[in-house]
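What follows is a group of structures, each given as structure tokens.
Each of the two complexes below includes subunit A, the first together with subunit B, the second together with subunit C.
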Partner chain A sequence: MDLVLQLLFTGIGIGAVYALVALGFVLIFRATNVVNFAQGEFSMVAAYLMVVCVELGLPYWLSFVIALSGMALLGVIFNLGVYYPLRHRTYLPVIIATIGASILLSNSVLAIYGPQPQVLQGWFDTPGIQLGPVYLDSQYLLIIGVTILLVLFNFWFFEKTLLGKKLQATSQDKEMASLLGISVSTMIMITFIYSAVLGGLAGILVAPVLFVSIQMGSTIALKAFAATIIGGFGDVAGAIVGGLALGVIETFGAAYISVPYKDGFAFLVLIAFLVFRPQGIFGERVAEKA
Partner chain B sequence: MKLTRREFSAGLAAGLAAPALMRSAWAQGATIKIGMCVPVTGPAAEQGLWAQNGAKLALAAVNKAGGVLGKQVELVIEDDQTTNPGIVLAFSKLAAQSDIVAFLGSIRSTQVQAMAPDVIKVGKPVMIGGTNPDLTHSGNPWLFRFRPNDNYSGRVIADYGVNTLGKKKWAIVHSTDAFGTAGGKALTEALTKLGAPPVLDQGYANQSQDFTPVVLAVKQSGADVLGTYFTFENDLGIFARQLRQLGVNIPWVGSPSVVAVSSTKLAGPALFGTYGVADFAEDSSDVAKSFGKAYRDAYKTAPDNQSAWPYDAITILSAAINKAGSTDPTKIREAILATQKFAGAEGEYNFDKNGDGLHGYNVVKNDKGKIVYDKHIDFND
Partner chain C sequence: MSASDNMIPAPAVRSKPLIIRHLPYFIGAAVLVALAASMQFDGYILNILLQATTFSIAVFGLSVVLGLCGQINLAQAAFFGFGAYAVGLGTADLHLNFWLCLVGACAITLVAGAFLGMSTLRLGGHYLAMVTISFQQIVTLVMINAVGVTHGPDGVANIRRPELFQSSQSYLAFCVAMLAIVGYLVWHLPDTKLGRAMRAVRDNELAAGVNGIDVFRTKVSAFAVCAVLGGLAGGLFAGGFAYVSPDQFSFAESIQFLTMSLLGGVASPIGSVIGTGLLILIPEWLRFLKSVPGLYLAIYGLSVILIIRFMPDGIWGFVSDAFTRWRAHTKAPPVAGALQLKPATTGGDIVLEVTGLSKHFGGLKAVDGVDIAVKRGSVHALIGPNGSGKTTTLNVLSGLYKATSGKIVLDGTDITSMAPHQRTAAGLGRTFQNIRLFRSMTALENVEIGAERPGNTMIGKGDDALTERAMEALTFVGLGNRANELISSFSYGHQRLIEIARALASNPTLLLLDEPAAGLNSTEKLELHELLKRIAAQGLTIFIIDHDMTLVSEAAQHITVLNFGRRIADGESMAVLRHPDVVSAYLGSE
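And now, the complex of A and B:
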């Protein structure tokens, strides 16, 4: 039982990381109908920004604010440089442009910062708490907490605010939205900013656990991408549930079946969903979007 | 004089090509070229940088001492992207340059294995750092190893844990790539010979974000000592932290990555008190000490095996070409194999017929973040 609880905690913790990155995927997909393959690199860039600020001797909270502001700026640049010029083309050139951007981002950081992985201290001084037989890593607790808060925030933002409703309208039907006087390009700009900040937040939160390296984004993004498909592409709740499910499944699969095939379990679940329920757990309108 | 269009084109082509031709003809004679396949991008880009640093340090020393065959030595670097297809491509790019006389390959066994068939085709000496024993034991005459192979690391880890620390209940954790699998196997064999077969043999895939299942397996096995073969320092750092968090504090004797500089930095206190076999230990010899000093002066950081083996490889290769008196591959090969009692940064090189230069390891300890030399264990077979 102790073993199960410990695995469950770690599974949910790592799943929450996938969920945060998956959320970024989903938001951009809803607004633009393309998958942003640079989403993982957003996490990596934010973690490096954070490391740079902390190394400069700035307080942790200020570094956090600067790093997230930097991500908002990156969201603007990304929208103007990668999405906007190709917005009238099909989804394919845009997807390829995001892949290109991801390569550019990771190699730029490599060129500027060098390949050495970096250490980022966690938010708390205590590394974790022992709760009976289970050890709770404080950083994972923070990640889980932030994920819960973000789920609540997203619900409030998209369902209860005018801006959120405008964003939803844009993602559902751009032409109709613009006829109603909504500035579509502004809405898409806001989506990119929000996604970049979300991706950045995931990167900063996970950095103390997984260290800061050039590859950190791509490994998480691959799982997050699988999570969005499992959850139902384009569905916010699906991204969260898909991410958590993936984290728990691979942790238990590794513990009880095989450690070397840990990644295999994640993708086995993905294949099973693609075959038996391609619209994912919550998805309904995939046939129309595919 | 009237110039036809054809004559004009021919003249233009010759004019454009001439400087390039002259440059290449001049370059062929001016220097001795050594090719180096090294990760500039990809997961091992960090280690690749260290390898380049080590090679360049040796190169500067060789050139300062008059070069090779009276010429300056030049290093031609090609990115292997830390992938198998990457190194195959990098090696074929270098091999296409006929004036390159010898090569430095990878520290990664998997990648050496990938390029090995092409090495036989090209038929020129390749210095390697990969420690999978099979690399030099599969009849490839052109691979020369500048680190002790995993038969020795497995034997030294087992010998130290059983005979020095007195521990007999082993858990082995290893990567499932070529390096980790071969290492885990060598350690299991060595332990079985010493009468202490492992109670747990646990593989993991590289770039894992979470090691909780592995740590819990170690905990449940009831082992009183841990032996590891980790390929990437990131993985090792995450594992070490989770190991301590979940309350596993048994002695730990690992492959060189346990005592690598970046692991020490990433894992911090989680690695305090661990032992590692290290082909490079700065306090193990005078040559190692002077290499350490030169490296610190040049790059403002401590060296480790990632930079020590390319340093030795360039030094010994240059000496061998000088001794051979020619850049003929067969003569260079004979000269390298004839290298005996050569004091390098990694230890004393005595090449055997397989192309293995070193036959033992240092055991070092992480003493509160400082890597301290403990003892050297060498084997004659």
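And now, the complex of A and C:
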């Protein structure tokens, strides 16, 4: 029982990271109708930025601010260089371009920094607290806390602010939004910046738990995408629930079934959902109008 | 539309058999094979040629799935690896015959490709991209971790070749021959029934479905063909290099295949060979790049973005575009005779019988308990104000929506629960309000897809009969002389006529026309009216939805009126149009 509780805690912690990246996926998908296959690389790049800054001797908080600012900048460059020129084409060229961007980002970091995985220390000096039978790692607590805060922020931002409503309007009907005087390209730019920062935040949070490596981006992205399908594609709540569920499933799978195939469980769950419930937990089937 | 009258019927010319027409290709291929077998290459060149040859076959697969069918596959290296391991483990560990292993490689990849495709291809393209990436990762995981079977990271050594091709030189010649054969098949594929179906699916899935194409099966076929070509290529690769290891079949290699395909031109096997050749040779010239890990792939990533942005059709696409424009001015094939419509008459007097048809979207009753009976040989119109449920009814009839309740019987066959392509096979033809043609194809190719409807009794066997039928249909609507032009060069009104020709070529039992007059100017409307008369004169039953009261009242003998999803009037045209409920629905009551 103790082990189950411990695994549950770890699973939710790692699931929260998937949920954050999945949220970034969903936001870009809703705004542009495109799945950004470089979303995971945002996490990886942010983690490396963090490592570089900390190694330069900067304080942790300052490194954090620099890394996230860097991500905002990357969001701008990504939008202008990858999405914007292709915005009038069908989805296929755009996803191929984002795949190209993902390869470019991960291998540029590899070329600059080399293949050695890096270690990033956690935010807190205390490693964690013992609560009854369960050991609560401080970094996992931080991840869960930040995720809860972000989900609340997200809700407030999209439902209660004018900017959030403009973003929603843009994602639902670009033509109508532009007729109402909303600058669609600005809204899409904001979405890319926000998603890049979200992905970066997830990367920085998870870095002390995993190693900082070139592969971390694609690993997280695959799980996050599986999470969005499990939750219901394009659904914000679905992304969060799917991410948490996947983290828990994977942690239990690694503990009770097989460690080397840990990364394979997400795929199996994904296939099961695609076959039996492709609309996910929260999604609805939609048909194209003739 | 009068063009059909002054068209002089020419006798049909039988074209020469394909084998004869393509003889130059086979002679060229034979020369290449002879060269590969006789020229003395040193080991380094030989390896590069062997790699280029086998990789090209794998990239052919991508030109089928991505170029022809518009579906993505980011796991081609995994299928390549399946083939390589099948031949590797089969010949080295199990001491099986090479040929047996090669066949096994194809069989395994066929099953794996079909399974992966079936699990995902009903869904949108994003799913396929992610699922293939996941599949690729899993395959790599298994190759590395299942040490007992795959030898793990050590890889498989001592892979054997067939007795016949023991020397590297002769094995290369064998691979070049395989490349030529597979290349020929892939090159010819777009002009086969399956190939046309793939292109139709790529251009417009909905229209493909209502023209009798099983969209899902077509996509799965394309995906499976791609996987098999990957497996075959992998098997040949393993025999060529005698040693394989997991890192040769990683995600990075899948991306390399994709880049090769995009660079050369995704739509053609010629592009595949160009792209593969370039991406194998260029890195050999720029070897210094390999000294920095990652730099090499970073450049690949950047090239993908740049190619997609600036050269979406690749190198070969650029060249062949010019050729297509030139071909548009070539003469259309001759027309043998006038279009014959012989609608099937298995059922009774009523061609289409709809009883109690309902379609609810959540709480909204878009169509609510509607009955319609369409008499054989008549023109029957369905009218009603905006939002009355007309188009929903048509979409339920053609199977794009599933009926909530009710029954649809077409010529004695219950089609209520059939998929769109099955209804088309049962004798339904339709056009769309917002025209849905296959944009990358010529007018003739569009109509050929219609003519290919399963169960079309009006065409004989072979491609010539198909072309003949399509030409007759195009001539019938007056566009026979522009058959080889691309859809984009036709005016809106003419595109509508091509859509009608596409439906007519299939010799349907019932023709559904969704607002055919929408967006037409007054001359075009008159021409449309004439065309409808000529169609009706051949005994084809027409079910038409339109707003244009003049067209409806002149063309239709029978009218059904919908309002708020319910039938409010039904009967002979003039009587229905004077019906007080109909008048008030359109003009408001006093």
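The rule is simple: the second predicted complex is superposed on the first by the 271 of 290 C-alpha atoms of A that agree within 3 Å, B and C clash if a C-alpha of one lies under 4 Å from a C-alpha of the other, contacts with A are read in each partner's own complex, and residues count from 1 in each chain.
By definition in this document, a residue touches a chain if its C-beta (ideal position, glycine included) is under 8 Å from a C-beta of that chain, and two chains touch if they have at least 3 such contacts.
All values derive from a computational prediction rather than experimental measurement.
Of the two partner chains, neither subunit B nor subunit C is touched by A:Pro59. Contacts of A:Asp263 after superposition on the shared chain: both subunit B and subunit C are touched.
Which of subunit B and subunit C touches more residues of subunit A: that partner is C.
Judged by the touch definition given at the top, the superposed model places A:Leu86 against subunit C, while subunit B stays out of reach. In the superposition on chain A, contact of A:Leu274 is made with subunit C only, not with subunit B. Shared-chain residue A:Val35: touches subunit C; no touch with subunit B. Legend: residue contacts after superposition of the two complexes on their common chain; A:Gly145 is shown touching neither subunit B nor subunit C.
When the two structures are aligned on the shared chain, A:Ala254 is found in touch with subunit B, with no touch to subunit C.
Contacts of A:Val109 after superposition on the shared chain: subunit C is touched, whereas subunit B is not. Subunit A residues in contact with subunit B (one complex) as well as with subunit C (other complex) are 107, 110, 114-115, 214, 260-261, 263.
Here subunit C touches subunit A in the complex through residues 66, 70, 72, 74, 119-120, 122-127, 129-131, 133-135, 137-138, 141, 145, 206, 251-252, 255, 258, 262, 292-298, 300-305, 308-309, 312, 391, 394-395, 398, 400-401, 432-433, 514, going by the rule given at the top.
Subunit A contributes residues 29, 35, 37, 81-82, 85-86, 89, 91-93, 95-97, 99-111, 114-115, 214, 218, 222, 225-226, 229, 233, 260-261, 263-264, 266-267, 270-271, 274-275, 278, 287-288, 290 to its touches with subunit C in the complex. Touching subunit A in their complex are the following residues of subunit B: 41, 43, 45-46, 48-49, 176, 202-205, 207-210, 212-214, 216-217, 220, 233-234, 237-238, 245-247, 262, 265-266, 268. Those residues of subunit A that touch subunit B in the shared complex are 3, 6-7, 10, 14, 17, 107, 110, 114-117, 119, 127-128, 135, 137, 209-211, 213-215, 219-220, 251, 254-255, 259-263.
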